[in-house]
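Each structure below is given as structure tokens.
Look at the two complexes coming up: chain A is in both, with chain B in one and chain C in the other.
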Partner chain A sequence: MHKNFKKIAAVVVFILMGIAFYENFQLMPAYKGLGEGVSNYIIHNGLYDTGSLNLITAVLYDYRAFDSLGESTVIFGAVSGIVLILSRKMLPVSSRGLSFIVKRTLGIITPFIALFSIYVITHGHISPGGGFQGGVILASISIIFIVIYGSAFDYTMLSPDKKTFLETSGALTFLFIGFLGIALDGVFLNNLNIFNGKIGSLFSGGSIPIINIAIGLKVGAGLAIIFYSMIQKTLERSWVNHD
Partner chain B sequence: MINNLVFSILIFIGLYAIYIKRNMIKIVIGLSILESAVFFWVIATNDNGGKLPFYQVAQNGIEMIDALPQALTLTGIVIGASTTALLLTFIIELDKFTGTHNLDNLKGLDD
Partner chain C sequence: MQILEFLLLIFLVLSAVMAVRFDEELISIIFLSIFSLILTALYMLYKAADVALAEAVIGAGLNTAIFMSAISQIRHGDSD
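Showing the complex of A and B:
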């Protein structure tokens, strides 16, 4: 009775909060469209400023590249914390994999997943996609290895040490591009004139493709390390209980 | 209007899960629902019915969608995924040490 009263009171308070949110957000001014402000500037000048057809990539890796650097630092901190907590001992074996049919089927499909992820990463400035999206697809390959083939296979293919090296190299490449901007043009993370091909071709967009590849490596390796750490620890514990 | 309504309902569900539920996994789910509410609102209120924010699309006379909220939401989604993974890691480790992931069954804090 006492517990139910607390629950009902909290629900009433939250419903009132929801109504207050609704009423307050109804008072906000409506969307004005692209006619003015930063959005208008980006849509009209983004292509000429950055050389990137994909305007979201232009915002992420040129106008607000400093935010992307902070964001990759957040991923790095999360991965560091997870590895510090979960994997005091990196055992190579934790799961045994699925049946033969699943292994053969995924053996055929996995190279195409890798190809697709490389396509999404490298074409981030001329088509939908980019480093973050392609990196997640890249991490799914490692997840397939762990779930389907067992984590011993994933350990032999690309050990956690190599993944850590890849992640750190991605972050350091991003920082190196930033300091190269200071050295050459005097501005941190300036869009360097590295790839200056025709707009819409693969080698265009200044330093955006390099940052895309660095972010892709970083996100892919980071998510793979997170999944490897978690599944290793949990499966190890359930074995101890059952055996 | 429907945007604000759905946003308020999602906020209510998230707060309910965070404050009422005692299972920590469900609390993390509620946090994710709160994040999703904010991302949904940012994307939905800036929707002008346009197509992809690509320059060729605009040259063909089709209106582009605003690129700025989408980029900011992408940033938020990645950070949300990282924090969710870190929280779940804390829960795994707490479950290993105390044998429970329910806040009611947690003992040892008061001795």
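Showing the complex of A and C:
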């Protein structure tokens, strides 16, 4: 009797779900082809809706900003899992790094890498790039510090606690912009009219530059934490032996 | 321009096969990096600059570093 009741309840729930799905899909508009669909709308009106010259950034951080929020949550989950498994101790176990020539050369190049990453992040709405790509370039600076100078140097420059603070502040900024959209305009992650300069200038694109900076901080700090926790056990024995 | 695209596609397939076929992990990783670099050039040729930047940064840069750290852990038989 009890088992039969469970089966009947499951069948009823499935039938109700099927009806609900059917009703929802009835509401969807029919496919109109590429000439009239959503892509054509974005190509024609994206520049005036968002004020961002780069239409890919306009889609990622304005029309589909909720999707980007989900992606950054995925990165947060990956960082949490890797740190939980790999790093038993967040101590600066380090090597001496590579030779003198490599250290000097990378010491000259690294500021320019940092400048390029800041350029890619802040010009995400004008030129190709954006928060994600620039954030990975930021993380590559931390990788250079760990491999070339040893992970103790990276620990003294920016300890994992500070990186965690940066990552969390990036995510919270993104969420704050989203809730500010609810408070001011009534829609989650609505494009606020913060930077309303001339189209094509640096201070344009509404709230897109702020979201770009937030995503860049979050991705860069998260990937740097991943690499730090992966390397700190292994670098001691393997890469230094060639010296 | 078509010749360049044809050459790049051939080298793309060649580097992918090399990355699978080699037994030495270090050579495989380097060929994977070359694969990402050729793919970046192809994306640039198809005028997809955003995807090209992401592929160059993640495929050629970050993946290589993470795989290197992984094989340096494998080499010494560090199992714990």
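Here, the second predicted complex is superposed on the first by the 199 of 243 C-alpha atoms of A that agree within 3 Å, B and C clash if a C-alpha of one lies under 4 Å from a C-alpha of the other, contacts with A are read in each partner's own complex, and residues count from 1 in each chain.
Assume a contact is a pair of C-beta atoms (placed from the backbone, for glycine too) under 8 Å apart; a residue touches a chain by one contact, two chains touch by 3 or more.
Predicted model only: the values in this text are computed from it and were never measured.
Asks: Looking at A:180, would you say it contacts chain B, chain C, both, or neither? Reply first, second, both or neither.
Replies: Neither: A:180 stays clear of chain B and chain C.
Asks: Output check: A:132 vs chain B and chain C. Expected answer is one of first, second, both, neither. What do you get?
Replies: Touch status of A:132: both partners.
Asks: Which of the two, chain B or chain C, is in touch with more residues of chain A?
Replies: When the residues of chain A touched by each partner are counted, B comes out ahead.
Asks: Could you look at A:158 and tell me whether it touches chain B, chain C, both or neither (first, second, both, neither)?
Replies: Neither partner.
Asks: So in the superposed three-chain picture, is A:7 touching just chain B, just chain C, both, or none of them (first/second/both/neither)?
Replies: After superposing on A, A:7 lies in contact with chain B but is clear of chain C.
Asks: Scan A:39 for contacts with chain B and chain C and give back first, second, both or neither.
Replies: first
Asks: Going by the contact rule set out at the top, does A:230 touch chain B (first), chain C (second), both, or neither?
Replies: A:230 sits against chain B and chain C alike.
Asks: Between chain B (first) and chain C (second), which, if any, makes contact with A:56: first, second, both or neither?
Replies: Touch partners of A:56: chain B and chain C.
Asks: For chain A, what residues appear in both contact lists, the one with chain B and the one with chain C?
Replies: In chain A, residues 54, 56, 128, 132, 226, 230, 233-234, 237 are touched by chain B and also by chain C.
Asks: Under the stated contact criterion, what part of chain C meets chain A in this complex?
Replies: That would be residues 49-50, 52-54, 57-58, 61-62, 65-66, 69-70, 72-73, 75-76, 78 of chain C.
Asks: If we count contacts the way the header does, which residues on chain A are in touch with chain B in the complex?
Replies: 7, 10-11, 14-15, 17-19, 21-22, 25-26, 31, 33-34, 38-39, 42-43, 46-47, 53-56, 58-60, 64, 67-68, 71, 74-75, 77-79, 81-82, 85-86, 128, 132, 200, 219, 226, 229-230, 233-234, 237
Asks: So in the complex, the part of chain B that touches chain A is made up of which residues?
Replies: 1, 4-5, 7-9, 11-12, 15-16, 19-20, 41, 45-48, 50, 52-56, 58, 63-64, 66-68, 70-71, 74-75, 78-79, 82-83, 85-86, 88-90, 92-93, 96
Asks: Once bound in the complex, which stretches of chain A touch chain C?
Replies: Touching chain C from chain A are residues 54, 56-57, 120, 128-130, 132-133, 136-137, 139-140, 143, 147, 223, 226-227, 230-231, 233-235, 237-239.
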